[in-house]
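Each of the two complexes below includes subunit A, the first together with subunit B, the second together with subunit C.
Take a look at the complex of A and B:
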């Protein structure tokens, strides 16, 4: 019975092989051939339908990673029994140079038509072995991988027998596909010599400056009216204690000045189309209500436009809290965040503007204010993009036990930064919000909402709060003689360069450290002082500490618009919303979408040094395709087998990229693929009722052969 | 009753970008789960033809698992929506021919959900073990 089945499958396989050759002939024309480099004489095997597949199987030990849980010899012996397998071998590390040589040699000696490597995940080493296959003289797409590490040896570590059986099955399934694989040529597309950076915090600014310095036209898109991000709200920065604005402002000015940077503030990314090399991005220019000088000139207002004089501000009758100052300072309906904004341009808050027109009068001849301005849309084309959308504070009022927004004298760390900053609402005099008095006892609650596995907080460490809380303690010692500071901590994470030294310095300055999570905080209604309750886990006794001010080192979370933006660019996120890198160690700036990179805290909490490093990394990675000028796209696109196409047009609406259309050919309607638009998802091929869509590398006969091979495992 | 040596035959068809990556992550994390599921990788769960799943069952599979990205997270925008629609149709079809539709699972596992992948597999294998061999095997004999 099983025998019969095997035989019949072989027959169908042979039949399918003929079918598959209808397609590739067509494929060649529109593709820029890279095969030039491959001297045809070197290709030992023709791809004609008459050739019986000759498959070589290579099984990797990966040291003991795989060999520890799988009987390699048994898998090799089994592989040799499989149809079309003419060669099987094993090696300690197939990805090593001698390991890859085994593949190239075998292709030549055994006249292989396809290769199978049973090793780690194709998501890791498929490119490696494709290259080896190519070096052996075969088309690189005649390679298939069996994942026996990530999805076998590592997850069945204590069941060698079952793992070995599973590995045999995986090899059999891979061989079935390999024997039906065909030559494919990657599409080569040119790369637009421009890049986009989304978010202009320190990460986005640094990335844009680097790209611009490398000669690349860079669109820097920032949703708020000014660049600078969170760093512009900070007073000083650990561990060097340089003033944040002092080191940031020159960079902001550089960004504003760079001829290669097209700064687009108060803008949102609206839509993204295309792929690496050619992203068509639509930007929404939100109506600012104020024209810049170039905008005014374009409208024929000679010498007009906003010059930042601020004449409008005093006359505006509307008063609102300034979010840059964490709401602790007022602003008008026409505003700038702070004096150093880049660009120096006023913005109207439409939610509060009463359209009285007083500002228009005050602005006078400059005619910069347009109360009827509407959003505009701008289209730009870029080759690569970097997301640097930063972070927000976790809404710490959700942890009601600490009383933020209930007790006046409980503030967040960002509010503290503004209160201690000379340009802040109190000109740098730290005060208690309830009475304006200078606090003499200050408690800092670390891990506020971080490392919280049980509650509604975040499970991760926010990474910079330990360090900035040490900095905050230092800042109050510097400014308030006789002050006492208490840091409630879980453990102090001072991992960076000169960080541990900074920690000891703050200890020496007199900060008191109490190891224990703060259970709750209660206010004394008469004095508005606060009682901080915790368990001191070192002394093993409960603590009730009365203080004048509490600073919550609130956890951070991805910026509120990050989720929408990442989806536009097809970037994944981890379960807590931080953007997901292509590989945490080996490709930390890349994403699974080719040509899209990530920088800064949007990927996960990072302090400024790490943020800047990641931004420079992302900028370098994003500049590579641009400098190369062209990229190869995997040739996984769809093709129409016209004889089979009934012209029903069902696929046309299924395609997420509008790559399909019905066209007249020889008096009947057939589907046609626009290759440049197709991304190869296969949604059309998964539906076509007539099987008329050929998905390169994931063709129906290939998948069916895999399913057949899955069954040939016998009844067990 | 099924004989003692019976082991379930389950095929998992996974999209490359989320579920396959999630399964890789489970490996990196050494999350242990039952070894009964075999894997076929496609680029997107939208690629999965209803006929692939039905073929599996017709040929005697005890269970089939299709896994893709969460809605809104598909690498190809909405391939998984379109694929999922088909998969719900498969479920209805199974019911109409009297095949327990618990033998077929569609799940959504992201590239960062290694632990979830372990749970999904454990859950699928447990379910199939409870259901026993597919009745279709009898017909095929």
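Take a look at the complex of A and C:
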């Protein structure tokens, strides 16, 4: 493009900057777009009368964070030598109220056309200073930030001189861009008055209940046949020891009953299109083989459909392990996980069904069973979505030294929950799997696979295993008189409200704590007893503890289908696989994809109280755009300079967000941008051979000016 | 229970199995210690505040926390046969500071009681018993002290059995009731001939 050629000629002078400043396009007046009928961006027009830029530069000390490694006065003096800079100032904390007032005052007094703040990362305070710029009377997009903290002061604290020079460079580059910035107006799109929650553990259920209570239609998508998640597998819950089912079942029933919740169990998210306010989600309704009553009615089977009577189950000849009971109890090929399932609907496991048809006969007039059912696809539109996909246990047999799946009497914590639970496979009688005897000595191995950097385990703390192991010790003292428990631990992390008190209580009940990570476990082949080897680091002596049963407090990891699901919603994950929040402290429920939120353990290990809090946080955040009814989009979208566009259409396929299309205009083909879809990534703008794409706020002349300022200087 | 390897004696001693096994622990030990000390010894969470407070610890191998651990684990033999058991000065600093509100000093006293029942006790403690039996004082008065008391304007002897020797008999009666003197004499004789 013409400007580019000129710009790259020689040393920058004020005159040439004048030319560059004449950006060839100007953004249109604010348009409110309906999601479906977005008005395409109009042909860009050139700016009106030129105004000579007047830039103000504000340099922040950030206490000593910046001032400790950078000579603020020198940078300020240097800023005053830069073209168009008519005002330069510094302050202890520019983000503070008096600091921001310096910006608003200077805009008015000095008639500034642009502002530059040299301070921290724009991720932190760009919104703050944009607001200050706006309050001074300028368009907020007339602001540019120079990061002299994270990218300078914090990494060059041992070289003040060079750091100061680097800060001058950063300010010069920012001023070059600020001189060319244009007024931009964010667009708004309307928001669909519905939300989606993926995963119906306690996190997803709570989020859905909150959204529904706020009057929002909520689709709750659960991949398994029943809602409830892991919590429905637990016997009691620390630290209050209330029975898990007793506090969960009423919530499950509420979810099933709420008129605002459309519960979709045995369903997967198949695809997601669109953006905040307007996500088009395709749901795969996996063939359950059993019709619910409304489904039967829709098929004209009057008074039919599954009523949960269970007549089918006894006649089914196929027996399989029930995964809800960790495989320790049988189920049939047509099954429910447990009697409290919501919805109370049978499901057929096609992998084991032999299609004998006995169940169909047993079901009789209800005609609920359809052995030929196929998966169906349903499309729904929602404004926001919450992922609450929970966790699985880490496959602890991978740590071979502890012998899980090799020694019969080594079990996982989830197996323990089922064995101690009155509705579990042994009706709550804890037994040794090898001989059905009641164990008299039980070892609990904490941090099994957690806090492990050796590659096979997980580097993080799984956060609830200390507490549930204490709970497990309590449960055996309660049920088995004379039992001894040994908790092998590295630290007891009892951080929550009433947790330390719980730890005290369990120790008082007789639990023995041995500080030392279990090195290995060996089985006595004759007795099937286990020898637990560790170091009692407090006694400074190695231990050989012979016990009847070992419970591994196995690490947790994201649910197996989480990775596929998160990609559909454009959500990132951290290196350990947990879903990535927008900010670990200040935005733990949000993600970097606008309109998509995360709740519960899928973001990282959490006990039930923290899970429920995060779910309520996510529900509240997800309801805001819906209640507002519209959202603002960053005005960073691409625009087509139609007179330059050759209609080659090469950009159309490059756009990762399918935001571009070729359209007929005045008898020729030109590219058109769907602004709400454009994320401003710049792929098309960087590519267009004709230079026909103008990237708002990151336009070619602006970037060229920055590069020139860096390489060619630009001091007066 | 220590596993023997059947090496020659010297080697066996050098390579002896240092592990502790479940059978090493006497489940009766902790309840006994708790009953005698009347403190919640089982609640020790090994923070080490006691050893940190102990004036004996920096001058010796005595670790009060270590004895607390042995109490919790029921390692009776180890605790009672460790000569460090007798290094507590009974200053009660640990008891003042223990965050779990345990009285470690009393745990030590309980263990000393149990050790004495097995004749495990250093001779100097027994000589103290003999001194009390004969004078009513563990550390009887002497001429240096008497001179010092005079200089301070006190009586040469304190108003105890020193001043009223007729009461020594009463003390002897108490010690005899518990057979303390007889046992002390017997053990001293066995050790010193």
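One rule holds for everything that comes next: the second predicted complex is superposed on the first by the 664 of 716 C-alpha atoms of A that agree within 3 Å, B and C clash if a C-alpha of one lies under 4 Å from a C-alpha of the other, contacts with A are read in each partner's own complex, and residues count from 1 in each chain.
Here, a contact is a pair of C-beta atoms (placed from the backbone, for glycine too) under 8 Å apart; a residue touches a chain by one contact, two chains touch by 3 or more.
Worth saying up front: this structure is predicted, and the values here are computed from it rather than measured.
In the superposition on chain A, the chain among subunit B and subunit C reaching more residues of subunit A is B. Within the superposed three-chain model, A:546 lies in touch with subunit C and out of touch with subunit B [touch as defined at top]. Touch criterion not met for A:423: it reaches neither subunit B nor subunit C. By the touch criterion stated above, A:703 is placed in contact with subunit B alone, subunit C being left untouched. By the touch criterion defined above, A:373 lies against neither subunit B nor subunit C after alignment on the C-alpha atoms of chain A. Residue contacts after overlaying the shared chain place A:507 against subunit C, while subunit B stays out of touching range.
Taken together, the two complexes place no residue of subunit A in contact with both subunit B and subunit C.
Every residue of subunit A that touches subunit C in the complex is listed here, in rising order: 441, 504, 507-508, 510, 512-513, 515, 536, 538-539, 541-547.
The touching residues of subunit C, when paired with subunit A in their complex, are 18-22, 40, 42-43, 45-46, 65-66, 69-70, 72-73, 75. Of all residues in subunit B, only 5-7, 9, 11, 16-18, 20-21, 23-24, 26-28, 30-33, 35-36, 38-44, 46-49, 52, 55-56, 59-61, 69, 72-79, 82-83, 86, 110-113, 118, 137, 141 touch subunit A in the complex they form.
Across the complex, subunit A meets subunit B through its residues 1, 121-124, 147, 149-152, 154-159, 162-163, 165-166, 169-170, 173, 567, 570, 572-575, 580, 592-593, 636, 654, 656-657, 679-683, 685-687, 695, 698, 700, 703-704, 706-708, 710-711, 713, 715-716.
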